[in-house]
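A short write-up of the structure that comes next.
Should a chain be cited, it is by its letter among A, B, C and D, assigned in written order, with residues numbered from 1 in that chain.
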Amino acid sequence: MCGIFGVYGHNDAAALTQLGLYSLQHRGQESAGIVAVDDGGHARISRAMGLVSEGFGDEAMKQLSGAIGVGHTRYSTAGGSAIENAQPILARVRRGHIALAHNGNLTNAVELRRELEDEGAIFVSTMDSEVIVHRIARAQGATPELRVAEALAGVEGAYCLLIVIDSTVIVARDPHGWRPLVMGKLGDGWVFASETCALDIVGATLEREVAPGEIIAVDSHGLRSGQGFASKPIHRCVFEHVYFARPDSKVFGGSVDKSRRELGRQLAIECPAPGAELVFAVPDSSNSAALGYSDQSGIPYELALIRNHYIGRTFIQPTQAGRDAKVKVKYNPVRELLEGKSVVMVDDSIVRGTTTRGLVSIVRAAGAREVHMRVSSAPIISPCYYGIDTPRREELIAATMTHDELVRHLGVDSLGYLSLDGMLSAMPTGPSGYCHACFSGRYPTAIPADPELLRAGSEAGIPAGIA
Amino acid sequence: MCGIFGVYGHNDAAALTQLGLYSLQHRGQESAGIVAVDDGGHARISRAMGLVSEGFGDEAMKQLSGAIGVGHTRYSTAGGSAIENAQPILARVRRGHIALAHNGNLTNAVELRRELEDEGAIFVSTMDSEVIVHRIARAQGATPELRVAEALAGVEGAYCLLIVIDSTVIVARDPHGWRPLVMGKLGDGWVFASETCALDIVGATLEREVAPGEIIAVDSHGLRSGQGFASKPIHRCVFEHVYFARPDSKVFGGSVDKSRRELGRQLAIECPAPGAELVFAVPDSSNSAALGYSDQSGIPYELALIRNHYIGRTFIQPTQAGRDAKVKVKYNPVRELLEGKSVVMVDDSIVRGTTTRGLVSIVRAAGAREVHMRVSSAPIISPCYYGIDTPRREELIAATMTHDELVRHLGVDSLGYLSLDGMLSAMPTGPSGYCHACFSGRYPTAIPADPELLRAGSEAGIPAGIA
Amino acid sequence: MCGIFGVYGHNDAAALTQLGLYSLQHRGQESAGIVAVDDGGHARISRAMGLVSEGFGDEAMKQLSGAIGVGHTRYSTAGGSAIENAQPILARVRRGHIALAHNGNLTNAVELRRELEDEGAIFVSTMDSEVIVHRIARAQGATPELRVAEALAGVEGAYCLLIVIDSTVIVARDPHGWRPLVMGKLGDGWVFASETCALDIVGATLEREVAPGEIIAVDSHGLRSGQGFASKPIHRCVFEHVYFARPDSKVFGGSVDKSRRELGRQLAIECPAPGAELVFAVPDSSNSAALGYSDQSGIPYELALIRNHYIGRTFIQPTQAGRDAKVKVKYNPVRELLEGKSVVMVDDSIVRGTTTRGLVSIVRAAGAREVHMRVSSAPIISPCYYGIDTPRREELIAATMTHDELVRHLGVDSLGYLSLDGMLSAMPTGPSGYCHACFSGRYPTAIPADPELLRAGSEAGIPAGIA
Amino acid sequence: MCGIFGVYGHNDAAALTQLGLYSLQHRGQESAGIVAVDDGGHARISRAMGLVSEGFGDEAMKQLSGAIGVGHTRYSTAGGSAIENAQPILARVRRGHIALAHNGNLTNAVELRRELEDEGAIFVSTMDSEVIVHRIARAQGATPELRVAEALAGVEGAYCLLIVIDSTVIVARDPHGWRPLVMGKLGDGWVFASETCALDIVGATLEREVAPGEIIAVDSHGLRSGQGFASKPIHRCVFEHVYFARPDSKVFGGSVDKSRRELGRQLAIECPAPGAELVFAVPDSSNSAALGYSDQSGIPYELALIRNHYIGRTFIQPTQAGRDAKVKVKYNPVRELLEGKSVVMVDDSIVRGTTTRGLVSIVRAAGAREVHMRVSSAPIISPCYYGIDTPRREELIAATMTHDELVRHLGVDSLGYLSLDGMLSAMPTGPSGYCHACFSGRYPTAIPADPELLRAGSEAGIPAGIA
């Protein structure tokens, strides 16, 4: 998963971009990058491994001058934690340049790459996004936006793109609309971002969502927009609302906090916990859902798990901490609340089950009498090919265990998942138009012919760099 | 403020200490250090600026072998952010060594230092703690604990100390008991920590508080304890419960989460907000109090402010973010919840007022109709000389403005502070035995003759290092 | 200027490459990189800014497994000190990869790049070397070596190339032979390097020079070699012997130490210094020439200038050191030797004159009575377009001043340059077959249409990265 | 070994000190530090592990304001490579401060330390120098210089000291004069340094040596000097001339280059090498001696070994480089010169023999027919207790092998050491007044009762820090 942010027409574009990336940091912590284009049309790039707060020194920021900026935060994926894979990509083409920041995953990247390679293209990263840059470079359209449209015809899968071609910013969202993208106004300039929280932080006013299939171009001639593709069914990612997006964002036109609240309420209806004395969240992503559960059920909401935010990305597991060390360092139970109680623990989802199991164990060790696990989404049973980094099916615990096995494995007294329908009914814009492949296994489009090749990158022979 | 942690009698003392420091990180983020003593009586030290997660590489940890460990996390104070001021202090004396980790502030440090200097002592840091090491080195008692008792006689102010003299661990707490200190059992060994959350993380069982005035010694002859001083009135720091300690800790024998819940309830009774539609916390330290306010008042609790935990200590303020940049990057309002509403914002305390003012401004910008500020403690009007790093009186906003001025300055529709009595009544062990000097100005002991000299360190001519 | 090193058929190819790069460090200190290919055909890359000794940690080296390795050390040039410009380049193409390390400069890179851009190629660095990778990727030949030959047809200028295509190492040297390249045998494997000193350090036996115009391929079928191009006149770079190569290397079939000795002797014949009492070198590159001058003239050789080797690349000029600070920190005169003496200072070349002027000043300050400057090469009057990073003509002091002006400007009592013929006659393989464009202005081939565009990189609009 | 540098009365004292330390880097590369005292009497310190060029950023230098500066470069010794052991030491005492930089070794440090410890002193480093600071702090004299004299009475061994007490600079040299110390004039100010090369670099004029036993004080009342101790026999360290000092320095009143030239000439007389065809140095410390050998013997001087100066302190031995890896990376033979020749290799001294053995092996591998080793000093057979970090006797190869064994072990055809008398006769000020204990075993004073305790530091229980 990734976060993207772009500015057109503000003198401190790079500084605003940095600010925007701060609020999109939850969408990717592996690397961050900014490209700025100055009035003379010169593009400059700064990329670094790690957090936005670590990557951009004064010196780098000073060089990134100009009124156009695009930025990217990247999540770690299997096939290549390396500076070569940081975005934006900046490439020189036909006497100009293309900068590109991409959120999503292309489902036919391998095929597109082979086509390009057969024509002699060279690739310097293992990212699917690089094929789009090549295709733009080869496109013949008269305007930048036409070239982008031409390049995207034939590209399948999920993408929100912020592109700079010379001094034109091009914004594109795939016709199915898997990933969120909004546009806002800041003075005379324009701001584009994965989530509205990034508009808020720079003080921009939300205009609207970039529509699925829309292509927007902004340059000195102003902003123009058009539908880039034949209309297709909408498949918004339900997991953005369940877990990924920030609660202070509006995603797909609806408040994330509100939908999570509703998910929690629905969960309390479908999976009550009679006799339970308190409900608490696995902080922070499940806070809203746990509140909703409490509202609906009348079981008091408590802050029974405290999260330690000082751990940092460089956490080295102390040798003595044992099996659940990372969970224990990250979460601490409030013994006073839990002791002797029957409790409901609400989490937004369970992937591999390792964290859940560790949490149940520390909640019990803190004295809880009964632990009733409630999950504000359906069981995850299938990998995502549209941009969420879920593991292979074999590692998805709900795909490989029966309900009873799960109860035993997690060590809970009861386990309740929200139903697929219940989950969709909580979505702010109604239950239709969502992709729920990871919960239902029903992929709305063809999936990659060889998913592992797509996933693995270097393992499949694609050279991955070591920075 | 600082956090201290110690282990006696566990083979991985340093690794446990590191783990303990992780959970005491909230008590100090400027520097961290560990001293370990091996079976041959050799002491080794590792100290670094910054977080625990940044400071101790594999190589350093491997060298810190032995069954005795003491660690320290330090908060940044005016007079010297420098590696020379990191703790523990490790000094060689009379064919042995003294390691010392201190939480608290000595009120007669300047006088004690002058005495020692007059006798030819040299100081290499600007820390008050260094005088204790000198006094122990000069003490003549037959046992390590007697020497510590001798050294502490005449030392005024707040201290919790973890000391290693050769292969004996000595634990001491000042007779007034300002700062918290607990002891726990881990297998055959002993663990000491500022807060119980650090016992939890290493799997130790809480034995009891170290009593005010108690001196404990542990070595190969076992554990022995005694009252080190004539009994004195107890002055536990109420601010530990209000703000400083972690909610999952038991401090001074009472649950911090519980007392904060109660502070919130009391606040709702004393300062209701009729007509308000929702209550929210300034996360995370005020979560419990806001929940309590909601409980008591019946006004729904919402997660209307989201905290961004990725900022890091190295945050560089982007130039365009303007006056409230740091607040804006750290907190984001949930517009959906706030828009058009009359809201209660609960915070645990207001010091300079800068953050509060910024928060009010972003909450209003997100559409809140009315902002009612409620503070779950009394106004802070006096500096602390016992270990909390409050600024000078001139910078304490509640000391320099009237209530009306405050309302205007903060930009709120109404402002309610908890009363001193209300605050004390919420303490788990009853209202007496607490120091509330910062709220009341009633210092329970003599304060430093020249507080600025104590505070300023290098500014007063004490050489401060640059690392 | 750059250094290149490659190994085929030795299990520790990357470690040997690192060792080889240590001895080619004088050819480039800006960045270093290694690509290794393992038995399964997977290529891995590690690149870093700075010295070889700084760039490759244990972890990185461990990952670079395999029996094939190519490495590169890069010199800082105007258009882009950035990690994006570090070599080797590693690109994925048609189901395989191309790694490339290049020493030299292409004179028609801008044209070749435009051609490729017109066909839709994208570029991610500002290096001319990237065009070769593209051309190889587009070549259609049946074997890797045929594709390289096809790619190089039409490429003008200087190049020594170490290329890995999948599991085949291809070595190529331009038909004019500007830059040196040798091959050696190490057990059953092959080693290729810019200079013989790199063969020595890994214990390889020198086989022979790679011939101008030769293309060599090594893979599991063995080594095969062929002439890649129609025969052309040889233009070996005379400056390699004068200054660039290490004295312990054999370059173009001749010993560098020997040719420098001879340059010094010839200089003594052409520009004697009657009455001078001692001769000394500007260490270390002029040591051999100064010894030769002393041999021939009978004037005693002294170590009158001492070089400080601890300065490092990160030298920050102390504020008080004044105009000649860098020279003063780097060189110290031996006052005892210089005081009251008439001295001959031998240097291999003068570029901008700044260092020379500073040296003359400190030599005089140390008491020298007369300073006779002798230069063991002809005056540098023209920029190099074949790989040496000489500045623009305007900055070449000998191109802009008369002899008398130079004497005054440098502050010397006399100044003698070696003649062009004298210089060439000192070459080990006779005076013909050398490029002396920087000394004579007679370029043996067409020079770039727009040299500044080639030079400037980012300044001319080619995006240069900031790492 | 260490280098010390001090300035009194120049507005950029710290910058000058940094410059001076650059030229004293050869005396110690482990750590570097600067203390500056401003006009208000405030002392500030900056210390860092590693080279001067790595340690002092712009920010640190800016803070080191004032007209008084003292600096130190430290050599790595057994008992503690740690920031705690970096100098200068800065201590606060009796309402003021003491800064101290020390070159030399105290022979009764352990006893003095025990005395102080018995009186309750605490030590934070493992350095003998720390005892002097304590003794000054306890001294009662009316003036700073009297207190220093009082402190030094009873201190045995080698020391050159630069001390700042408040705003007075005190300079002291032990009465035997083991280590060099000079004073110079810079404008109205004074400069003190271990070697004259450091005066040269800042543009100061050499005044004279600080005399053995002399104590100098400089402050706003001017400079005053006196003999601090009863006159004692002079024991200048002959090894400073043989190896340690820079050739461009004047040490003990004589030119180092000149004495090394003379050592080489004497070596040629005592140990001729009839039939040898060339003589070469192990660069750079033996260059002068090899030149002298060549002068005297008539055998031509060649540059047959080239030293690679890019290795850096962080050199990680590549795994494949084998036994002599470090030597091979550091030195490369010039095959063209050595092939088939009978050669004389001149080195200034042989300690453990490891480097020599490696060099002989690579010289032979480069084709030398006969290798005649000549050493421009006598065999080292005893450890130094006065400041040179020679290893224990067991590791000194000349102390444990017969001449024949040495010849075989080193792999040479012949081996010639200079005689003790020959060595002393080459000293510029005549053969008397020199300490030659390491060559003769005749210690001019009592040596430490327990040398290993002194040497080992942390191993003997003195706590050594880990930075």
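Everything that follows uses one rule, which is that contacts are C-beta pairs under 8 Å (C-beta built on N, C-alpha and C of every residue); 3 or more make two chains touch, one makes a residue touch a chain.
Computed from a predicted structure; not experimentally measured.
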Report summary line: Farthest CA centroid from chain B: chain C
Report summary line: Taking each chain's centre as the mean of its CA atoms, chain C sits from chain D at a distance in Å of 36
Report summary line: chain A and chain D have mean C-alpha positions lying a whole-number Å distance apart equal to 59
Query raised in the report: Between chain A and chain C, what is the gap in Å from one C-alpha centre to the other?
Result: 47
Report task. Name the residues of chain C that each touch 2 or more other chains. Result -> none
Query raised in the report: Which of the chains are touching one another, listed as pairs?
Result: A-B, A-C, B-D, C-D
Report summary line: Note: in the complex, chain A contacts chain B through residues 10, 12, 15-16, 18-19, 22-23, 25-26, 29, 51-54, 56-58, 61, 196-197, 200-202, 246-248, 250, 255, 257-258, 284, 287-288, 291, 295, 300-303, 306-312, 314-316, 318-321, 325, 328-329, 332-337, 366
Query raised in the report: Contact residues on chain B for chain D in the complex?
Result: 41-47, 60, 63-64, 83, 89-98, 114, 117-124, 126, 133-134, 137-139, 458, 461-467
